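Dropping the structures in below, format is structure tokens.
What follows is chain A paired twice: with chain B in the first complex and chain C in the second.
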Partner chain A sequence: MRRVSVTGRLFLVVMLLAFAFPFLPLLVASFSFRWHWPALLPTQWLWDARETTPFPVGWDYLFSPISGLGPAFLNTVVIGVVTALLAVVLSLPAARVLARYTFRGKGVVEFFLLVPVIVPQIAVGMGMLLLFMRIGIARTYVGIILAHLVPAIPYAVRILTSVFQNLDPRYEEQARTLGSGWLSTFRRIVLPMVLPGVTTAFLFSFLISANIFLLTFLISGGRLQTLPTMLFSHIESGAPLDATTAGLVLIVSVPGLVFLMISDWLTGDHAALGRTSFGSRSKKERP
Partner chain B sequence: MSRNFFRDRRVVIFLGLAPAVGTLLFLFVGPLLVALVQSLGHAPIYRVHRFPTLEFHRQVLFSTRFRIAAVVTLYYALVPTFLATLLGVALAVTFSRRVRGKRFLSFFFRLPLVVPYLVGAAMVVALFANGGLIARLLYAAGLIESTGQFPRILFSAGGWGIMLVYLFKQVPFTFIIVTAVLSGVGPEYEEAARTLGASRMQAFRFVLLPRIMPGVVTSSLLVFAFNFQSYEIPYLLGATFPATLPVEALRRFNVPDLTRRPEAMAYVVAITVISGIVLFAYLRLYRRWERSRGGVG
Partner chain C sequence: MTDITLHGVSKTYDMDPVVRDLTLHVPAGTMFGLLGPSGCGKTTILRMIAGLLEPDCGDIAFDGVSVLSVPTERRRIGMVFQQHVLFPHMTVEENVGFGLRMQGVKLRQARPRIDEVLELVQLGGYNRRFPGQLSGGQQQRVALARAVVTDPVVLLLDEPLSNLDARLRDDMRVLIRDVQRRLGITTIFVTHDQAEAIELSDRMVVLFEGEAAQEGPPEEVFERPVSSRVARFLGSTNLIPVQVPVYPEEGWVDAPFGRVAVCCGGYAGGSVPRELLLSVRCEHISLHGEDSPGTVGSDGINTFHGRVLDSVFKGGLIFYRVDLEGFPVDVIDRSDRQFVPGARVVVQLPEQHLWVMPAVEYDGGPV
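Take a look at the complex of A and B:
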């Protein structure tokens, strides 16, 4: 492998700064109380202001019951877990069929299972709100979870299909030949072998759900807050370098950070995230 | 039912596909049909019974506001798509070389990818607002004397704030997809080309690029499709006028006069159709390019 050139190294450093540096001012701002123009650092820090202000501010405000952070966090996690579970369960059989069988119209099915990713979510969301109002699940957890399934299923199908492509069907055939029923074949042979891939699909679906704004915003009608909708209203109403918004940004980033760390630890491979999405369609590795 | 029924190939295929396909038929096709039908004048709950009429579509498509919105939406979508693809590919190719601290770098190169777009919006506000950190740095350097002298990057028709957020999220997206493709290609072809006397540019243009092209096309396609329909970023960081198509659509959806809802639906139908046409044209162009060069083994 060739060594990276000097310009290349410079480029990598510039990119590193572009992606990592923007978190820093928000980290500083989250501990500020006042940050007047044109100071480069907060004019008064949170810990110096605690005695003088009657209301909790910044982190104190976020972690107090009035901020609504607790419910928003809980909503995000509950909706994310249920969405991810449903997405995996619904996508698993389809992924197995797509990986194992060729049949007429397969291209159409594959296209149909991917197309929600490129169709404008605002069109789906508005139509969905009207549909859900009709059947009485608008502004409910059920409605939001169903909405989140639309972007989650295509990714889950994609990830799980590549899982089944890497799984040799002869293991199953042998188990069946040796007298194992389909349930115990699934439980003892298939499940242990697909578990890492299924975990990835679950985590990825959870992350998609936890980061969705527009569908939640439309379907919940402001009645149920999740972390992204809460961040939205804070950015909408807050000043730049506002302490509460800054703290919230850091909290909203937590699911993504955890996802990155787990997926690195699971795979030990920095390219895995790309392979699980849409990058390498044609590649079918067989052990 | 006999055991054989569940062994029938067609039954296995049908039952396997049914859960995912059925769910999306209900949750994806259903809502799109509702939007389409309502845009054609069928909305009995708002006392609009004019189905089928193209009046709402005509009203929307022939308005100046719609056309201006369509132009700015395309502009805000295409510029970052182009730049993110360029930077993302460059980053992936550079990163595929021997680099020290790969794990550390790769963690931060993927970080923007896993946080919501709204996080990017908050960052752009903190840095580029008129009272933001960059304005303060310029003040400290003596280049500006008041916040008013800082160029308006946010809330202006130029859309710089919007496009910066897209870049922050989508350079990493392109990077990760192209990196995955590159790891399948391996360094051998490029090294062989260099050994045989190709310059660095030639080796990239004629050896590496054709091999990563499918990944480049996929990622740029997904990036454009996202940018064209994004709501919250142009809403938060764009100008009030001109606004993008999704912002205009939701404005119409939220007016108190519910009989105007079909207009909003005509907007989202138009957004879907325009996005579809662009993506289709792009894929056709790529297919033709691929055929003209005969494909790579």
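Take a look at the complex of A and C:
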């Protein structure tokens, strides 16, 4: 591992502060009971006000069963994981074709894959809501997951297309000449080699799903709460940043962070393997 | 051992014919070279034999049985690609054992066989390494071991040496030849390097624009090219435009520098065209000093007086350019005596190594 220079380290610290700084006031706010301008720190902390309030506030409220945080958290994770899995599974064959082959109408297909990102989500959502109500899957997990796939798939296809563009098709041909059928070639050769890219696509799809408010709100009609819809309902109430909302915002960031760490751990391992394998061509033969 | 037949095989990419009506017979157990410049369709032919591409028309048969309906994975072939050959996420052992695993053999049972083929390519003991820890030459050898581990009926090599540097290439060439002889496996290899084709193959075919220009043992193709194009592609030859004399005499042609006796030509019977090309390999021409009382008299048959234009010494060989009455001829000489530029010399063209062919390429007709 190379040592990082002093300026490099300074740069890293500044970057870290820039990313972490917005979270600091949130953290403080989540423990405050009264925090008015121009005070630098809360004038009354949550733990001092605990006895005087008739019902729980801040973390106390969030972790009490009445807040509904638990089900919302679970909904977010379940919907996110299923959406991401489906997005990756559906995008893999499409990405392979888009990366490898040219065919009539390829440009049109690529454009239509981008449309959900360009068209306003409210338009997509209203259209889907009408359709889903007719076929009876509005207000269900299935409906919400289908809706989440619409913005997730374009990103997954994009990421996986570039992954397949970097995978030499000769690996698959080589496997076939050694007697491996397509399923075995995919399982033993293609999948291990594209795993880092697949993990990235999965993570992205999950993050997109975990941050969707509008589509969830429209399709679920308020019956199913996820973390974003729960958060928006708090912001809607018009109150300034209270302890409960601040805490909720922090919790909303948790799934993303956890998945980032998982993916970093997974891809880091395979990336190291990839480096040793691909970087060797320039090496001279040892005598 | 298996023989391979291609019958009337054609392949077209985007209206562009890459292989045209190719008929080839590869005898069982031979090392067969497909030689041609880039874009002549040689890799396409190899991929069609492997089943990675389907011919537009024609038939490909192993031992007389058509394999067109057999997918690649069941053709029992071994193939070594030009580059990106090993699976980077598998060890050497797993790479070599991949073909056996596909046949349902467990890695543990396959180990003796894996060790055997690794020994064959001189990489015994490298079992646990990853491809990234090997040099380019070693990777290529592992790929060769992996291709032969399942005892395939045919071995296909796609420019197996082109990514290696000169010294490694020589070692690998010897190794490939050795492995092929020991296993006695029918082998087809693709190359654009005429020296490689001549040195490695038992039989070879020269391809231009997807068509076979000449097929035969390398000595024959080298010594008796059917056209000036084949002669030029194989290199180190003099092509001298000659004419049949106005009053034809059996075995004589007129060169720019005088009358030459020839004994054989690349045309058969019928009408002999008047415009011909005389091919003589640089290393077959001998030089003598004008003053030397050598074995060849200065008035002997096929001897001409010339002047040395240039001479370059290249370790054991001397490359000359000699002016024969205004016509430059290249000569490679082995003798220890070096003529300086400007020296007068006697040039002898050996009759048995002269080869006459038509000056223009024909579409049909006697060639």
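As a convention for this text, the second predicted complex is superposed on the first by the 223 of 287 C-alpha atoms of A that agree within 3 Å, B and C clash if a C-alpha of one lies under 4 Å from a C-alpha of the other, contacts with A are read in each partner's own complex, and residues count from 1 in each chain.
One rule holds in what follows: a residue touches a chain if its C-beta (ideal position, glycine included) is under 8 Å from a C-beta of that chain, and two chains touch if they have at least 3 such contacts.
Quick caveat: nothing in here was measured; it's all calculated off a predicted structure.
After superposition on the shared chain, chain A has more residues touched by B, the comparison being chain B against chain C. Contacts of A:P120 after superposition on the shared chain: chain B is touched, whereas chain C is not. In the superposition on chain A, A:A29 contacts chain B only, with no contact to chain C. Once the two complexes are overlaid on the shared chain, A:W47 sits clear of chain B and of chain C alike.
In the superposition on chain A, A:P93 contacts chain B only, with no contact to chain C.
Overlap of the chain B and chain C interfaces on chain A comprises residues 270, 273-275, 277-281, 283. Touching chain A in their complex are the following residues of chain C: 50, 52, 71-74, 76-79, 81, 83-89, 98-99, 102-103, 130-139, 146-147, 150, 156, 163, 165, 168. Of all the residues in chain A, the ones that touch chain B in their complex are 1-5, 8-9, 11-12, 15-16, 18-20, 22-23, 25-26, 29, 37-40, 89-91, 93-94, 96-98, 101, 103, 109, 112-113, 115-128, 130-131, 146-147, 149-150, 153, 157, 207, 211, 213-214, 217, 227-228, 231-232, 235-236, 239-241, 245-246, 249, 252-253, 255-257, 259-260, 264, 270-271, 273-275, 277-283. Residue ranges on chain B touching chain A, taken from their complex, read 9-10, 12-13, 15-21, 23-24, 27-28, 30-36, 38, 87, 90-91, 94-99, 102-103, 105-123, 125-127, 129, 131-133, 135-137, 139-140, 147, 168, 171-172, 176-181, 183-184, 187, 191, 194, 214-215, 218-219, 221-222, 225, 228-229, 231-232, 236, 246, 249-250, 253, 264-265, 268-269, 271-272, 275-276, 279. On the side of chain A, the complex with chain C involves touching residues 168, 170-171, 173-181, 184, 188-189, 192-193, 270, 273-281, 283-286.
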